[in-house]
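Since the structure comes first, as C-alpha coordinates, the remarks are kept for the end.
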Amino acid sequence: MAANGQKTWVFSDGDLPPAGDREPFGHEALMVVNLNKKPASLSLEILFEDREPVRDIRATVAAERVRCFRLDKPIGDQNFRIPFGQYALVVRSDVPVVAVFGRLDVRQNNLAYYSVAGYSFS
Amino acid sequence: MAANGQKTWVFSDGDLPPAGDREPFGHEALMVVNLNKKPASLSLEILFEDREPVRDIRATVAAERVRCFRLDKPIGDQNFRIPFGQYALVVRSDVPVVAVFGRLDVRQNNLAYYSVAGYSFS
Amino acid sequence: MAANGQKTWVFSDGDLPPAGDREPFGHEALMVVNLNKKPASLSLEILFEDREPVRDIRATVAAERVRCFRLDKPIGDQNFRIPFGQYALVVRSDVPVVAVFGRLDVRQNNLAYYSVAGYSFS
Amino acid sequence: MAANGQKTWVFSDGDLPPAGDREPFGHEALMVVNLNKKPASLSLEILFEDREPVRDIRATVAAERVRCFRLDKPIGDQNFRIPFGQYALVVRSDVPVVAVFGRLDVRQNNLAYYSVAGYSFS
(Lines give C-alpha, C1' and ligand atoms only; values in the text may rest on other atoms or scores of the structure.)
Protein backbone atom coordinates (compact mmCIF):
# COMPACT_ATOMS: atom_id res chain seq x y z
CA MET A 1 0.00 0.00 0.00
CA ALA A 2 1.17 3.51 -0.71
CA ALA A 3 2.28 5.87 2.08
CA ASN A 4 -0.35 8.20 3.60
CA GLY A 5 -3.22 6.55 1.73
CA GLN A 6 -4.66 6.35 -1.75
CA LYS A 7 -6.02 8.86 -4.26
CA THR A 8 -9.26 6.98 -5.01
CA TRP A 9 -11.70 5.32 -2.63
CA VAL A 10 -14.84 3.44 -3.65
CA PHE A 11 -17.69 2.66 -1.22
CA SER A 12 -20.20 0.36 -2.86
CA ASP A 13 -23.14 0.29 -0.48
CA GLY A 14 -24.69 3.62 0.37
CA ASP A 15 -28.37 3.75 1.37
CA LEU A 16 -29.38 6.54 3.74
CA PRO A 17 -31.42 5.19 6.67
CA PRO A 18 -34.37 7.09 8.19
CA ALA A 19 -33.15 9.81 10.57
CA GLY A 20 -35.55 8.98 13.40
CA ASP A 21 -36.71 11.61 15.86
CA ARG A 22 -33.97 11.82 18.47
CA GLU A 23 -30.20 11.62 19.01
CA PRO A 24 -28.32 9.74 17.75
CA PHE A 25 -29.97 10.35 14.38
CA GLY A 26 -29.70 7.71 11.68
CA HIS A 27 -27.21 8.76 9.01
CA GLU A 28 -24.27 7.81 6.85
CA ALA A 29 -20.91 9.54 7.03
CA LEU A 30 -17.60 9.67 5.20
CA MET A 31 -14.45 10.23 7.24
CA VAL A 32 -11.31 11.37 5.43
CA VAL A 33 -7.85 11.64 7.00
CA ASN A 34 -5.22 13.84 5.40
CA LEU A 35 -1.78 12.94 6.75
CA ASN A 36 -0.03 15.28 4.32
CA LYS A 37 1.36 18.72 5.13
CA LYS A 38 -0.83 20.29 2.42
CA PRO A 39 -4.62 20.40 1.96
CA ALA A 40 -6.40 17.63 0.04
CA SER A 41 -8.79 18.66 -2.75
CA LEU A 42 -11.57 16.10 -3.09
CA SER A 43 -13.89 15.37 -5.99
CA LEU A 44 -16.82 13.16 -5.00
CA GLU A 45 -18.92 11.12 -7.43
CA ILE A 46 -22.25 9.45 -6.64
CA LEU A 47 -23.41 6.43 -8.68
CA PHE A 48 -26.97 5.14 -8.80
CA GLU A 49 -28.84 2.04 -9.96
CA ASP A 50 -30.85 3.61 -12.73
CA ARG A 51 -29.51 7.01 -13.75
CA GLU A 52 -26.33 8.86 -14.64
CA PRO A 53 -23.76 9.55 -11.92
CA VAL A 54 -23.50 12.95 -10.25
CA ARG A 55 -19.90 14.02 -10.71
CA ASP A 56 -17.31 16.36 -9.28
CA ILE A 57 -18.80 17.45 -5.96
CA ARG A 58 -15.92 19.49 -4.52
CA ALA A 59 -14.64 19.56 -0.93
CA THR A 60 -11.34 19.91 0.93
CA VAL A 61 -9.61 18.44 3.97
CA ALA A 62 -6.99 20.59 5.69
CA ALA A 63 -3.42 19.38 6.20
CA GLU A 64 -3.00 16.90 9.09
CA ARG A 65 -6.69 16.84 9.90
CA VAL A 66 -9.57 14.36 9.85
CA ARG A 67 -12.90 15.54 8.45
CA CYS A 68 -16.31 13.96 8.88
CA PHE A 69 -18.77 14.52 6.02
CA ARG A 70 -22.36 13.84 7.05
CA LEU A 71 -23.91 12.30 3.95
CA ASP A 72 -27.48 13.04 5.04
CA LYS A 73 -26.69 16.78 4.81
CA PRO A 74 -25.88 18.89 1.74
CA ILE A 75 -22.35 17.95 0.68
CA GLY A 76 -19.54 19.82 -1.06
CA ASP A 77 -19.44 23.23 -2.66
CA GLN A 78 -22.59 22.35 -4.61
CA ASN A 79 -24.59 21.46 -1.48
CA PHE A 80 -25.67 18.25 -3.20
CA ARG A 81 -28.32 16.22 -1.38
CA ILE A 82 -28.02 12.45 -1.80
CA PRO A 83 -31.50 10.98 -2.46
CA PHE A 84 -32.82 7.96 -0.55
CA GLY A 85 -32.13 4.59 -2.17
CA GLN A 86 -29.08 2.61 -3.25
CA TYR A 87 -25.98 4.56 -4.22
CA ALA A 88 -22.21 4.20 -4.36
CA LEU A 89 -19.65 6.86 -3.47
CA VAL A 90 -16.32 7.47 -5.16
CA VAL A 91 -13.79 9.80 -3.51
CA ARG A 92 -10.96 11.18 -5.64
CA SER A 93 -8.20 13.25 -4.04
CA ASP A 94 -5.19 15.10 -5.45
CA VAL A 95 -3.04 13.73 -2.61
CA PRO A 96 -3.17 10.34 -0.86
CA VAL A 97 -5.81 10.14 1.88
CA VAL A 98 -7.41 7.44 4.05
CA ALA A 99 -11.20 7.19 4.01
CA VAL A 100 -13.85 5.10 5.76
CA PHE A 101 -17.62 4.98 5.40
CA GLY A 102 -20.14 4.17 8.11
CA ARG A 103 -23.89 3.92 8.61
CA LEU A 104 -25.78 4.42 11.85
CA ASP A 105 -29.24 2.86 11.73
CA VAL A 106 -31.89 3.71 14.32
CA ARG A 107 -34.98 2.16 12.76
CA GLN A 108 -35.49 0.15 15.94
CA ASN A 109 -35.16 1.20 19.55
CA ASN A 110 -31.47 0.38 19.51
CA LEU A 111 -28.90 1.63 17.07
CA ALA A 112 -26.94 -0.58 14.69
CA TYR A 113 -23.66 0.22 12.94
CA TYR A 114 -22.74 -0.90 9.45
CA SER A 115 -19.26 -0.38 8.08
CA VAL A 116 -18.79 -0.49 4.34
CA ALA A 117 -15.45 -1.79 3.16
CA GLY A 118 -13.50 0.64 1.03
CA TYR A 119 -11.59 -0.32 -2.08
CA SER A 120 -8.72 2.01 -2.86
CA PHE A 121 -6.17 2.61 -5.58
CA SER A 122 -3.75 5.32 -6.61
CA MET B 1 -4.68 -2.14 -6.08
CA ALA B 2 -5.84 -2.05 -9.68
CA ALA B 3 -7.88 0.87 -11.05
CA ASN B 4 -11.70 0.57 -10.98
CA GLY B 5 -11.63 -2.63 -8.92
CA GLN B 6 -10.83 -6.30 -9.31
CA LYS B 7 -12.12 -9.11 -11.49
CA THR B 8 -12.66 -11.62 -8.66
CA TRP B 9 -14.24 -11.12 -5.24
CA VAL B 10 -14.58 -13.79 -2.56
CA PHE B 11 -17.00 -13.48 0.39
CA SER B 12 -16.41 -16.27 2.84
CA ASP B 13 -19.30 -16.06 5.29
CA GLY B 14 -22.75 -16.26 3.79
CA ASP B 15 -25.62 -17.61 5.93
CA LEU B 16 -29.08 -16.27 5.15
CA PRO B 17 -30.86 -15.08 8.30
CA PRO B 18 -34.61 -15.57 8.89
CA ALA B 19 -36.61 -12.92 7.03
CA GLY B 20 -38.89 -12.03 9.92
CA ASP B 21 -42.40 -10.72 9.37
CA ARG B 22 -42.00 -6.99 8.77
CA GLU B 23 -39.73 -4.37 7.20
CA PRO B 24 -36.79 -4.28 7.24
CA PHE B 25 -36.68 -7.99 6.38
CA GLY B 26 -33.61 -10.02 7.30
CA HIS B 27 -31.49 -10.71 4.25
CA GLU B 28 -28.05 -10.74 2.69
CA ALA B 29 -27.09 -8.65 -0.31
CA LEU B 30 -24.24 -8.20 -2.77
CA MET B 31 -23.53 -4.70 -4.05
CA VAL B 32 -21.44 -4.33 -7.20
CA VAL B 33 -20.14 -1.04 -8.60
CA ASN B 34 -19.12 -0.82 -12.24
CA LEU B 35 -16.99 2.29 -12.80
CA ASN B 36 -16.25 1.35 -16.39
CA LYS B 37 -17.89 2.83 -19.49
CA LYS B 38 -19.02 -0.65 -20.59
CA PRO B 39 -21.28 -3.25 -18.91
CA ALA B 40 -19.81 -5.83 -16.56
CA SER B 41 -20.71 -9.50 -17.16
CA LEU B 42 -20.70 -11.40 -13.89
CA SER B 43 -20.40 -15.11 -13.19
CA LEU B 44 -21.32 -16.02 -9.62
CA GLU B 45 -20.26 -19.21 -7.85
CA ILE B 46 -21.68 -20.52 -4.56
CA LEU B 47 -19.60 -22.86 -2.38
CA PHE B 48 -20.98 -25.05 0.40
CA GLU B 49 -19.71 -27.08 3.33
CA ASP B 50 -20.70 -30.52 2.13
CA ARG B 51 -21.53 -30.55 -1.57
CA GLU B 52 -20.28 -29.42 -4.97
CA PRO B 53 -20.30 -25.71 -5.81
CA VAL B 54 -23.04 -24.18 -7.97
CA ARG B 55 -21.23 -22.46 -10.81
CA ASP B 56 -21.70 -19.78 -13.42
CA ILE B 57 -24.82 -17.95 -12.29
CA ARG B 58 -24.94 -15.08 -14.81
CA ALA B 59 -25.79 -11.44 -14.21
CA THR B 60 -24.78 -8.00 -15.48
CA VAL B 61 -24.12 -4.53 -14.11
CA ALA B 62 -24.60 -1.61 -16.50
CA ALA B 63 -21.82 0.89 -17.17
CA GLU B 64 -21.31 3.49 -14.42
CA ARG B 65 -23.98 2.00 -12.19
CA VAL B 66 -24.23 0.27 -8.82
CA ARG B 67 -26.43 -2.80 -8.55
CA CYS B 68 -27.80 -4.45 -5.42
CA PHE B 69 -28.40 -8.22 -5.64
CA ARG B 70 -30.72 -9.47 -2.91
CA LEU B 71 -29.32 -12.89 -2.05
CA ASP B 72 -32.55 -14.09 -0.42
CA LYS B 73 -34.28 -13.80 -3.80
CA PRO B 74 -33.70 -15.83 -6.99
CA ILE B 75 -30.41 -14.62 -8.46
CA GLY B 76 -29.02 -14.43 -11.96
CA ASP B 77 -30.36 -15.64 -15.28
CA GLN B 78 -30.90 -19.06 -13.69
CA ASN B 79 -33.04 -17.68 -10.83
CA PHE B 80 -30.94 -19.72 -8.42
CA ARG B 81 -32.16 -19.77 -4.81
CA ILE B 82 -29.42 -19.95 -2.19
CA PRO B 83 -30.40 -22.51 0.48
CA PHE B 84 -30.20 -21.75 4.21
CA GLY B 85 -26.91 -22.67 5.88
CA GLN B 86 -23.26 -21.78 5.47
CA TYR B 87 -22.08 -20.75 2.03
CA ALA B 88 -19.40 -18.67 0.33
CA LEU B 89 -19.85 -16.44 -2.70
CA VAL B 90 -17.36 -15.86 -5.50
CA VAL B 91 -17.96 -13.05 -8.00
CA ARG B 92 -16.07 -13.11 -11.29
CA SER B 93 -16.34 -10.21 -13.72
CA ASP B 94 -14.97 -9.61 -17.21
CA VAL B 95 -14.03 -6.04 -16.20
CA PRO B 96 -12.78 -4.70 -12.84
CA VAL B 97 -15.59 -4.02 -10.35
CA VAL B 98 -15.89 -3.18 -6.64
CA ALA B 99 -18.11 -5.44 -4.53
CA VAL B 100 -19.28 -5.56 -0.91
CA PHE B 101 -21.44 -8.05 0.97
CA GLY B 102 -23.74 -7.32 3.88
CA ARG B 103 -26.18 -9.11 6.18
CA LEU B 104 -29.15 -7.59 7.94
CA ASP B 105 -30.32 -9.71 10.86
CA VAL B 106 -33.71 -9.13 12.51
CA ARG B 107 -34.01 -12.22 14.70
CA GLN B 108 -34.52 -9.95 17.70
CA ASN B 109 -36.55 -6.80 18.03
CA ASN B 110 -33.66 -4.71 16.83
CA LEU B 111 -31.72 -5.20 13.64
CA ALA B 112 -28.03 -6.01 13.46
CA TYR B 113 -25.67 -5.49 10.54
CA TYR B 114 -22.81 -7.78 9.66
CA SER B 115 -20.31 -6.85 6.97
CA VAL B 116 -18.24 -9.62 5.46
CA ALA B 117 -14.76 -8.64 4.34
CA GLY B 118 -14.10 -9.23 0.67
CA TYR B 119 -10.88 -10.63 -0.69
CA SER B 120 -10.17 -9.60 -4.26
CA PHE B 121 -7.71 -10.32 -7.02
CA SER B 122 -7.40 -9.74 -10.75
CA MET C 1 -3.55 -9.86 -4.27
CA ALA C 2 -2.72 -13.46 -5.10
CA ALA C 3 -5.22 -15.76 -6.83
CA ASN C 4 -7.48 -17.92 -4.63
CA GLY C 5 -6.36 -16.22 -1.42
CA GLN C 6 -3.39 -16.06 0.90
CA LYS C 7 -1.44 -18.57 2.95
CA THR C 8 -1.50 -16.60 6.20
CA TRP C 9 -4.37 -14.75 7.87
CA VAL C 10 -4.14 -12.77 11.11
CA PHE C 11 -7.20 -11.80 13.19
CA SER C 12 -6.19 -9.45 15.96
CA ASP C 13 -9.24 -9.16 18.18
CA GLY C 14 -10.62 -12.40 19.55
CA ASP C 15 -12.55 -12.33 22.83
CA LEU C 16 -15.23 -15.00 23.27
CA PRO C 17 -18.53 -13.48 24.41
CA PRO C 18 -20.85 -15.19 26.90
CA ALA C 19 -22.96 -17.86 25.18
CA GLY C 20 -26.26 -16.82 26.72
CA ASP C 21 -29.07 -19.31 27.30
CA ARG C 22 -30.88 -19.56 23.97
CA GLU C 23 -30.38 -19.51 20.19
CA PRO C 24 -28.58 -17.77 18.63
CA PHE C 25 -25.81 -18.41 21.14
CA GLY C 26 -23.02 -15.89 21.49
CA HIS C 27 -19.83 -17.12 19.84
CA GLU C 28 -16.93 -16.38 17.54
CA ALA C 29 -16.29 -18.26 14.31
CA LEU C 30 -13.66 -18.59 11.61
CA MET C 31 -14.81 -19.21 8.06
CA VAL C 32 -12.28 -20.54 5.55
CA VAL C 33 -12.90 -20.92 1.79
CA ASN C 34 -10.74 -23.27 -0.23
CA LEU C 35 -11.08 -22.47 -3.94
CA ASN C 36 -8.40 -24.96 -4.89
CA LYS C 37 -8.94 -28.43 -6.34
CA LYS C 38 -6.99 -29.99 -3.46
CA PRO C 39 -7.56 -29.96 0.32
CA ALA C 40 -6.06 -27.19 2.45
CA SER C 41 -4.05 -28.20 5.53
CA LEU C 42 -4.35 -25.53 8.21
CA SER C 43 -2.14 -24.80 11.20
CA LEU C 44 -3.78 -22.44 13.69
CA GLU C 45 -1.91 -20.39 16.29
CA ILE C 46 -3.47 -18.56 19.25
CA LEU C 47 -1.68 -15.57 20.80
CA PHE C 48 -2.45 -14.12 24.23
CA GLU C 49 -1.70 -11.00 26.24
CA ASP C 50 0.38 -12.56 28.98
CA ARG C 51 1.56 -16.04 28.06
CA GLU C 52 3.18 -18.08 25.30
CA PRO C 53 1.21 -18.78 22.11
CA VAL C 54 -0.48 -22.13 21.53
CA ARG C 55 0.87 -23.37 18.21
CA ASP C 56 0.07 -25.76 15.41
CA ILE C 57 -3.56 -26.66 15.99
CA ARG C 58 -4.28 -28.79 12.90
CA ALA C 59 -7.39 -28.79 10.71
CA THR C 60 -8.32 -29.23 7.05
CA VAL C 61 -10.72 -27.73 4.52
CA ALA C 62 -11.78 -29.93 1.61
CA ALA C 63 -11.29 -28.85 -2.00
CA GLU C 64 -13.85 -26.31 -3.26
CA ARG C 65 -15.60 -26.06 0.08
CA VAL C 66 -16.20 -23.46 2.79
CA ARG C 67 -15.80 -24.54 6.41
CA CYS C 68 -17.04 -22.81 9.53
CA PHE C 69 -14.97 -23.34 12.69
CA ARG C 70 -16.88 -22.49 15.85
CA LEU C 71 -14.23 -20.97 18.11
CA ASP C 72 -16.27 -21.53 21.28
CA LYS C 73 -16.00 -25.31 20.72
CA PRO C 74 -12.92 -27.54 20.82
CA ILE C 75 -10.91 -26.81 17.68
CA GLY C 76 -8.57 -28.84 15.51
CA ASP C 77 -7.17 -32.31 15.93
CA GLN C 78 -6.08 -31.35 19.46
CA ASN C 79 -9.59 -30.27 20.51
CA PHE C 80 -8.08 -27.08 21.91
CA ARG C 81 -10.45 -24.87 23.90
CA ILE C 82 -9.79 -21.15 23.62
CA PRO C 83 -10.02 -19.56 27.08
CA PHE C 84 -12.07 -16.42 27.76
CA GLY C 85 -10.17 -13.13 27.41
CA GLN C 86 -8.24 -11.33 24.70
CA TYR C 87 -6.57 -13.43 22.04
CA ALA C 88 -5.42 -13.25 18.43
CA LEU C 89 -5.73 -15.97 15.81
CA VAL C 90 -3.24 -16.80 13.05
CA VAL C 91 -4.26 -19.16 10.27
CA ARG C 92 -1.52 -20.73 8.14
CA SER C 93 -2.41 -22.87 5.14
CA ASP C 94 -0.34 -24.90 2.68
CA VAL C 95 -2.45 -23.53 -0.21
CA PRO C 96 -4.02 -20.08 -0.65
CA VAL C 97 -7.35 -19.68 1.17
CA VAL C 98 -9.75 -16.84 2.03
CA ALA C 99 -10.70 -16.42 5.69
CA VAL C 100 -13.00 -14.18 7.71
CA PHE C 101 -13.66 -13.91 11.44
CA GLY C 102 -16.90 -12.90 13.11
CA ARG C 103 -18.36 -12.45 16.59
CA LEU C 104 -21.99 -12.76 17.58
CA ASP C 105 -22.71 -11.05 20.90
CA VAL C 106 -25.96 -11.69 22.79
CA ARG C 107 -25.18 -10.07 26.14
CA GLN C 108 -28.28 -7.91 25.73
CA ASN C 109 -31.71 -8.86 24.48
CA ASN C 110 -30.69 -8.24 20.90
CA LEU C 111 -27.70 -9.68 19.10
CA ALA C 112 -24.81 -7.63 17.78
CA TYR C 113 -22.29 -8.62 15.13
CA TYR C 114 -18.63 -7.65 15.13
CA SER C 115 -16.43 -8.37 12.15
CA VAL C 116 -12.70 -8.41 12.69
CA ALA C 117 -10.61 -7.28 9.75
CA GLY C 118 -8.17 -9.88 8.51
CA TYR C 119 -4.62 -9.10 7.46
CA SER C 120 -3.19 -11.59 4.98
CA PHE C 121 0.07 -12.39 3.27
CA SER C 122 1.60 -15.22 1.31
CA MET D 1 1.17 -7.73 1.80
CA ALA D 2 4.31 -7.88 3.88
CA ALA D 3 4.96 -10.75 6.31
CA ASN D 4 3.87 -10.28 9.94
CA GLY D 5 2.05 -7.03 9.23
CA GLN D 6 2.78 -3.41 8.46
CA LYS D 7 4.65 -0.61 10.20
CA THR D 8 1.90 2.00 9.87
CA TRP D 9 -1.84 1.68 10.50
CA VAL D 10 -4.40 4.45 10.04
CA PHE D 11 -7.89 4.35 11.60
CA SER D 12 -9.99 7.19 10.28
CA ASP D 13 -13.10 7.19 12.42
CA GLY D 14 -12.56 7.50 16.15
CA ASP D 15 -15.33 9.02 18.29
CA LEU D 16 -15.55 7.81 21.89
CA PRO D 17 -19.11 6.81 22.79
CA PRO D 18 -20.64 7.46 26.23
CA ALA D 19 -19.49 4.84 28.76
CA GLY D 20 -22.93 4.16 30.21
CA ASP D 21 -23.36 2.99 33.79
CA ARG D 22 -22.84 -0.79 33.67
CA GLU D 23 -20.84 -3.57 31.98
CA PRO D 24 -20.09 -3.76 29.14
CA PHE D 25 -19.09 -0.10 29.16
CA GLY D 26 -19.10 1.83 25.90
CA HIS D 27 -15.56 2.33 24.62
CA GLU D 28 -13.14 2.17 21.72
CA ALA D 29 -10.09 -0.08 21.65
CA LEU D 30 -7.00 -0.73 19.58
CA MET D 31 -5.71 -4.29 19.34
CA VAL D 32 -2.13 -4.85 18.19
CA VAL D 33 -0.58 -8.24 17.40
CA ASN D 34 3.18 -8.63 17.40
CA LEU D 35 4.16 -11.84 15.59
CA ASN D 36 7.86 -11.04 15.80
CA LYS D 37 10.34 -12.53 18.27
CA LYS D 38 11.24 -9.03 19.54
CA PRO D 39 9.13 -6.31 21.19
CA ALA D 40 7.37 -3.72 19.05
CA SER D 41 7.87 -0.04 19.96
CA LEU D 42 4.78 1.96 19.02
CA SER D 43 4.36 5.67 18.43
CA LEU D 44 0.70 6.74 18.33
CA GLU D 45 -0.58 9.95 16.74
CA ILE D 46 -4.06 11.44 17.20
CA LEU D 47 -5.51 13.74 14.53
CA PHE D 48 -8.46 16.08 15.05
CA GLU D 49 -10.87 18.14 12.97
CA ASP D 50 -9.83 21.59 14.16
CA ARG D 51 -6.48 21.52 15.91
CA GLU D 52 -2.92 20.24 15.65
CA PRO D 53 -2.27 16.50 16.04
CA VAL D 54 -0.97 15.04 19.29
CA ARG D 55 2.17 13.14 18.35
CA ASP D 56 4.44 10.39 19.58
CA ILE D 57 2.45 8.74 22.35
CA ARG D 58 4.73 5.81 23.24
CA ALA D 59 3.77 2.21 24.01
CA THR D 60 5.11 -1.31 23.48
CA VAL D 61 3.81 -4.76 22.60
CA ALA D 62 5.86 -7.74 23.79
CA ALA D 63 7.16 -10.37 21.36
CA GLU D 64 4.52 -12.90 20.24
CA ARG D 65 1.73 -11.23 22.16
CA VAL D 66 -1.51 -9.38 21.44
CA ARG D 67 -2.24 -6.19 23.39
CA CYS D 68 -5.53 -4.40 23.83
CA PHE D 69 -5.32 -0.63 24.35
CA ARG D 70 -8.51 0.81 25.82
CA LEU D 71 -8.82 4.21 24.14
CA ASP D 72 -11.19 5.59 26.76
CA LYS D 73 -8.39 5.27 29.35
CA PRO D 74 -5.10 7.19 29.57
CA ILE D 75 -2.86 5.79 26.84
CA GLY D 76 0.88 5.40 26.41
CA ASP D 77 3.76 6.58 28.56
CA GLN D 78 2.22 10.08 28.56
CA ASN D 79 -1.14 8.87 29.89
CA PHE D 80 -2.81 10.90 27.15
CA ARG D 81 -6.61 11.12 27.37
CA ILE D 82 -8.41 11.28 24.02
CA PRO D 83 -11.13 13.95 24.18
CA PHE D 84 -14.72 13.30 23.04
CA GLY D 85 -15.41 14.13 19.38
CA GLN D 86 -14.09 13.08 16.00
CA TYR D 87 -10.49 11.89 15.81
CA ALA D 88 -8.25 9.62 13.75
CA LEU D 89 -5.54 7.33 15.06
CA VAL D 90 -2.20 6.54 13.44
CA VAL D 91 -0.09 3.68 14.76
CA ARG D 92 3.59 3.57 13.82
CA SER D 93 5.75 0.60 14.82
CA ASP D 94 9.45 -0.18 14.44
CA VAL D 95 8.56 -3.75 13.38
CA PRO D 96 5.60 -5.04 11.34
CA VAL D 97 2.42 -5.51 13.38
CA VAL D 98 -1.26 -6.22 12.72
CA ALA D 99 -3.78 -3.80 14.23
CA VAL D 100 -7.56 -3.51 14.39
CA PHE D 101 -9.85 -0.87 15.88
CA GLY D 102 -13.29 -1.40 17.35
CA ARG D 103 -16.07 0.56 19.03
CA LEU D 104 -18.63 -0.77 21.49
CA ASP D 105 -21.65 1.50 21.78
CA VAL D 106 -24.16 1.14 24.62
CA ARG D 107 -26.21 4.30 24.21
CA GLN D 108 -29.33 2.14 24.00
CA ASN D 109 -30.30 -0.92 26.00
CA ASN D 110 -28.49 -3.16 23.56
CA LEU D 111 -24.88 -2.86 22.53
CA ALA D 112 -23.71 -2.22 18.99
CA TYR D 113 -20.28 -2.92 17.51
CA TYR D 114 -18.57 -0.78 14.91
CA SER D 115 -15.36 -1.91 13.27
CA VAL D 116 -13.25 0.72 11.58
CA ALA D 117 -11.31 -0.46 8.56
CA GLY D 118 -7.58 -0.02 8.88
CA TYR D 119 -5.34 1.21 6.07
CA SER D 120 -1.78 0.02 6.38
CA PHE D 121 1.56 0.54 4.71
CA SER D 122 5.23 -0.17 5.44
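In order of appearance the chains are A, B, C and D, and numbering begins at 1 in each one.
Basically, contacts are C-beta pairs under 8 Å (C-beta built on N, C-alpha and C of every residue); 3 or more make two chains touch, one makes a residue touch a chain.
In this text, all values refer to a predicted model and were calculated from it rather than measured experimentally.
Student: Any idea if chain A and chain B meet via the same residues, over half in common, or different ones?
Tutor: Different-residue interface.
Student: Report, in degrees rounded to the nearest 5, the angle of the rotation taking chain C onto chain D when the C-alpha atoms are fitted.
Tutor: 90
Student: Compute the centre of every chain as the mean of its C-alpha atoms, then state which one is farthest from the centre of chain C.
Tutor: In terms of C-alpha centroids, the chain at the greatest distance from chain C is A.
Student: How many angstrom between the C-alpha centroids of chain B and chain A?
Tutor: Using C-alpha averages as centres, the distance is 22 Å.
Student: Rounded to a whole Å, what is the gap between the Cα centroids of chain B and chain D?
Tutor: Chain centres of chain B and chain D, defined by C-alpha means, are spaced 31 Å apart.
Student: Can you list the residues of chain C that touch 2 or more other chains?
Tutor: In chain C, 6, 108-110, 112-113, 115, 117, 120 touch at least two other chains.
Student: Quick check on the complex: what are the chain C residues that touch chain D?
Tutor: Its residues touching chain D are 6, 8, 10-13, 47-50, 52-53, 86-88, 90, 103, 105, 107-110, 112-117, 119-122.
Student: Please output the residues of chain D touching chain C within their complex, sorted ascending.
Tutor: Within the complex, chain D contacts chain C at residues 1-6, 24, 29, 31-33, 35, 64-68, 98-100, 102, 109-113, 115, 117-118, 120.
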